[in-house]
Amino acid sequence: MPGIAYLGPEGTFTEAALRALAAIGMIPSADSGAEALTPVATDSTPAALEAVRAGAVQFACVPIENSIDGPVLPTLDSLAEGDPLQIYAELTLDVSFTIAVRPGLAAADVRTVAAFPVAAAQVKKWLSANLPNTELVPSNSNAAAAQDVAAGRADAAVSTALATERYGLDTLASGIVDEPNARTRFVLVGCPGPPPPRTGADRTSVVLRLDNKPGALVGAMNELAIRDIDLTGIESRPTRTELGTYKFYLDFIGHIDDDSVAEAMRALYRRCADVRYLGSWPTGDVVGALPPSFDDAAAWLQRLREGKP
Amino acid sequence: MPGIAYLGPEGTFTEAALRALAAIGMIPSADSGAEALTPVATDSTPAALEAVRAGAVQFACVPIENSIDGPVLPTLDSLAEGDPLQIYAELTLDVSFTIAVRPGLAAADVRTVAAFPVAAAQVKKWLSANLPNTELVPSNSNAAAAQDVAAGRADAAVSTALATERYGLDTLASGIVDEPNARTRFVLVGCPGPPPPRTGADRTSVVLRLDNKPGALVGAMNELAIRDIDLTGIESRPTRTELGTYKFYLDFIGHIDDDSVAEAMRALYRRCADVRYLGSWPTGDVVGALPPSFDDAAAWLQRLREGKP
Amino acid sequence: MPGIAYLGPEGTFTEAALRALAAIGMIPSADSGAEALTPVATDSTPAALEAVRAGAVQFACVPIENSIDGPVLPTLDSLAEGDPLQIYAELTLDVSFTIAVRPGLAAADVRTVAAFPVAAAQVKKWLSANLPNTELVPSNSNAAAAQDVAAGRADAAVSTALATERYGLDTLASGIVDEPNARTRFVLVGCPGPPPPRTGADRTSVVLRLDNKPGALVGAMNELAIRDIDLTGIESRPTRTELGTYKFYLDFIGHIDDDSVAEAMRALYRRCADVRYLGSWPTGDVVGALPPSFDDAAAWLQRLREGKP
Amino acid sequence: MPGIAYLGPEGTFTEAALRALAAIGMIPSADSGAEALTPVATDSTPAALEAVRAGAVQFACVPIENSIDGPVLPTLDSLAEGDPLQIYAELTLDVSFTIAVRPGLAAADVRTVAAFPVAAAQVKKWLSANLPNTELVPSNSNAAAAQDVAAGRADAAVSTALATERYGLDTLASGIVDEPNARTRFVLVGCPGPPPPRTGADRTSVVLRLDNKPGALVGAMNELAIRDIDLTGIESRPTRTELGTYKFYLDFIGHIDDDSVAEAMRALYRRCADVRYLGSWPTGDVVGALPPSFDDAAAWLQRLREGKP
């Protein structure tokens, strides 16, 4: 049970995210003397989340958003259905590849390059400029590409720093990606529990299910807007149960312990057919407008109640 | 200072309202052994309210709404400007007149009828049917009409039951009014203090001053509507200070100690250039939809905070 | 039928408004060679409007708003019920009184002052400063006060310039009123017809009847706000037919031939249980923000339809 | 120029969609005697759209939404930036695979299975149940997997019906997919032009760019909601130019020639920093609530203008 599931195999970006989260102390432990959580590779993101639900691991580290492809909907859909789960932390990694080679091999001697096809598409320009006249050999994952080099099935691999090191390969180039600024955001997911304390730079995420009537979504979003809560993401998804009905993923700035966020959450609860809380957690940087303080208004109301306007 | 101001002279509907409020215990006293408040007649409604502000009396009883003519704007305007005042109780009286005659005089012998012109207009049909061929003699108030009869200046008066009794006249007819169901609502006004306790059948009233931009009023009213608070009255009034700017009188069902009303009030405070609280007080009957309870939503939020969704 | 009804008797402010409207050509005539409309006094504002409905007169001139007492609800209520009527013009008069005396009488010799009680209240300060030690004699109207002087029942009258002249009295003082800037707005009402042409400085007025559900009023007002139409007045009035239901009087800037106003009107029609159109008419001065032009948006849409974005 | 670009290589699902669109006459031609459009394979979806912009082809057929992964954001992002493009038609295909084998080979003799890794993940359960004890060989695309079998690099392929036929392979099984009901929606994209005529079952799509202020998105969505227009999809995407600013993809039911849709479009134009119209096109089936007719309201307004309420 003191494990942490991630999309394997070993050496993927997700494992790198997991290690980065641990390094900066974002992976909570029951007590300070807790033993380290053992990474457990799974073969899909939903499988990682199911392992949390089943109690096989304490946490899962999964990608939730990508700057090129947008929200990772299989992750969101898996969070939205089944037993409740909760997000406790997030980490954003620049997406860039390491070009790994068999030890000692020079670039000029590379004839074949192993790559996961999705990764190959992201470094196509670099390869044609830097490793022209090479043949592309498909691999099953970024980590498998490095393994393919180690096993002699290719000269070079489009892979990760982690896999390069693990399979004892040399680094020909690092930080490689055609489209600059590509980033993936990963989240740490566990069973429901008290959210981490408010830091002032937090994100809250919910899944709304709404009655199928005109204006229902606008009404729900209005509950955030009138309280000046900064929506940072919205995605609609059809529900599978009824034609023409939708669920909505909403991200906004603030913590459930901000008065304005708490008031908005209560309003969503009253208004929506269902609200699933996905957590409040620190983001490190503030990514938009902070939720307003309601302290002045509360003090004014208190004065009215005491007859001292 | 233990007085209560009202629109005089003695014998008006306002004095009747004041006595009715006292009779049903709606006029609060500082302590249970308090001496009775002495009625003090003033010559206008604003003057009655000024007497409260000046500390000359403890309360004023003033008309605030009439089923024929609508809100009594001089009352509302006087509440909205100057030092804050607060409403503590209300009472609605059917508006109907007593036809008073000199003792012993029969209807057939009435030749002249004294009446305040506004009242004369409200009993015109009754007079032409029941006292035809009489001459109308204008009086300065409903009470003055009875006094005119007592002084021999007229045979009959369109007046109140209170004045009829006070001037020792006979009652020729009572409950007289052409338009049935005419009613006037009176309120008891004092200096700001803790509002009377929530009874479950309460009214709250505010004056809003809004920035002069499109949608400002809709935005403010929306703060009530999204919380399902039942607006029972709205009146716009130009402000005198700036062209095209308005203040708004809003009445709604509920008490400042209802969670939903409290939340709406805090929202109005944040949104409006100024909110003047005119009080929360019992209405006896519920006059619309009760403000919703927010208890379930608050309990749900508490469970989220404890990690037990 | 070529008459115009007004609240009599002769010499009232309403007759003055009627004459001012005629003087500036605001009273439309079927053709330019039309004979002048004969003023017809009625004994109430609703009676003046009923005379239009009955075909007894072509128009009525009635007060609709007063800067001290607010909207004249008997006028609005009469417009809102029964057969439709329509407003064609408006005129705002400063409310101030003429102090009329018997010819040749000096101020020092005035002992009694006849006054309609409502008018007496509005010149109370002036009288105590300028005609102290005089006795107030109630009259049935502002015009009747002058008549009372002519008939020898009083030395002076709080009256109008029109009545002073009509009854052959001298003017002791004019432009008298305690509260400066008191004004009354009068409107010219006829049977429904094409509204007067758009001038760019127009007002439109409607009566809304709404289903009794939360947010219905906000929803209707939102149809104006989202189109940046400047609401210049709103009054709620209980309907008499059903407890807790209301009708709303709304005034806004613009003409039914403004695109934005037309679009808002169609939206109100779709949304409300009933919309009664009270007319679009020129105001002379612009009294707020003009309705926006929708021309650019319409041209853009046309380009899309033609495939030329 | 009479070409139609698609995501290659030959034999992909996108080519299948393109052929299906042509088969049902959804690919418009300048005149009925037009020659058929030549399919032109590109190596990415954005490249297909760029070929349209460059005038190299007349249309592109690209995936826009997937029932598992949601909107295809590279397609949407490419539509939202650069010179305007327009959608003219759509087609939804069930996503399922054909298992192709070397002619004559029995299932029991299959030792290696070529598959694009993304496809392999979607048929994992089927393979372990039906082709256990086989080794997975990665391919560069679904079509390439069939080619790998034809070239002798694998015994079987997870591929498409089109590629199976093209490379002369046998079909071991068809309609294979682990997750039932997976579907992809494809659209036909060209340069801007008059949209196809309204059919009554249409979809309209826009990209909004909003000023970065609270409530801007709610305000824009409200323009659809108050007109009872059925929003069928919304996705937020950060803009790259400014931190904390977003663009929004909105899909809704109706055609730019529906009065209600036209009115909403004009309102969005007035309200948003930028509106990019992506087209109105037939969907075949109605996928939600139809846009309301505004005919009654327009007729009512016309009657008011004519003075005949």
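Each chain gets a letter, A, B, C and D, in the order it is written, and its residues are counted from 1.
As a working rule, a residue touches a chain if its C-beta (ideal position, glycine included) is under 8 Å from a C-beta of that chain, and two chains touch if they have at least 3 such contacts.
Just so it is clear, the model here is predicted, and its values are computed rather than measured.
**Q** Given the touch definition stated above, what is the smallest step count connecting chain B to chain D?
**A** The fewest touching-chain steps linking chain B to chain D number 2.
**Q** With chain centres defined as C-alpha means, what is the inter-centre distance between chain A and chain B in Å?
**A** 60
**Q** How many angstrom between the C-alpha centroids of chain C and chain B?
**A** Chain B and chain C have C-alpha centres separated by 26 Å.
**Q** Express in whole angstrom the distance between the two chain centres, defined as the mean CA positions of chain A and chain C.
**A** Going by mean C-alpha positions, chain A sits 64 Å from chain C.
**Q** Going through chain B residue by residue, note those that touch at least 2 other chains and give them in order.
**A** Expected reply: 222, 226.
**Q** Examine which chains touch each other and state the graph shape they make (line, ring, star, complete, other).
**A** ring
**Q** What are all the chain pairs that meet the touch criterion?
**A** A-B, A-D, B-C, C-D
**Q** Can you list the chain B residues touching chain A in their complex?
**A** On the chain B side, the touching residues are 84, 86, 192-195, 219, 222-223, 226-227, 256-257, 262-263, 265-267, 269-270, 277, 292, 294, 296-298, 300-301, 304-309.
**Q** Taking the touch rule as given, give the residues of chain C at its contact with chain B in the complex, in rising order.
**A** It comes out as residues 43-44, 67-71, 73-74, 116-118, 120-121, 124, 136, 138-141, 144, 181, 214-215, 217-218, 221-222, 224-226, 228-238, 240, 244, 248, 287-289.
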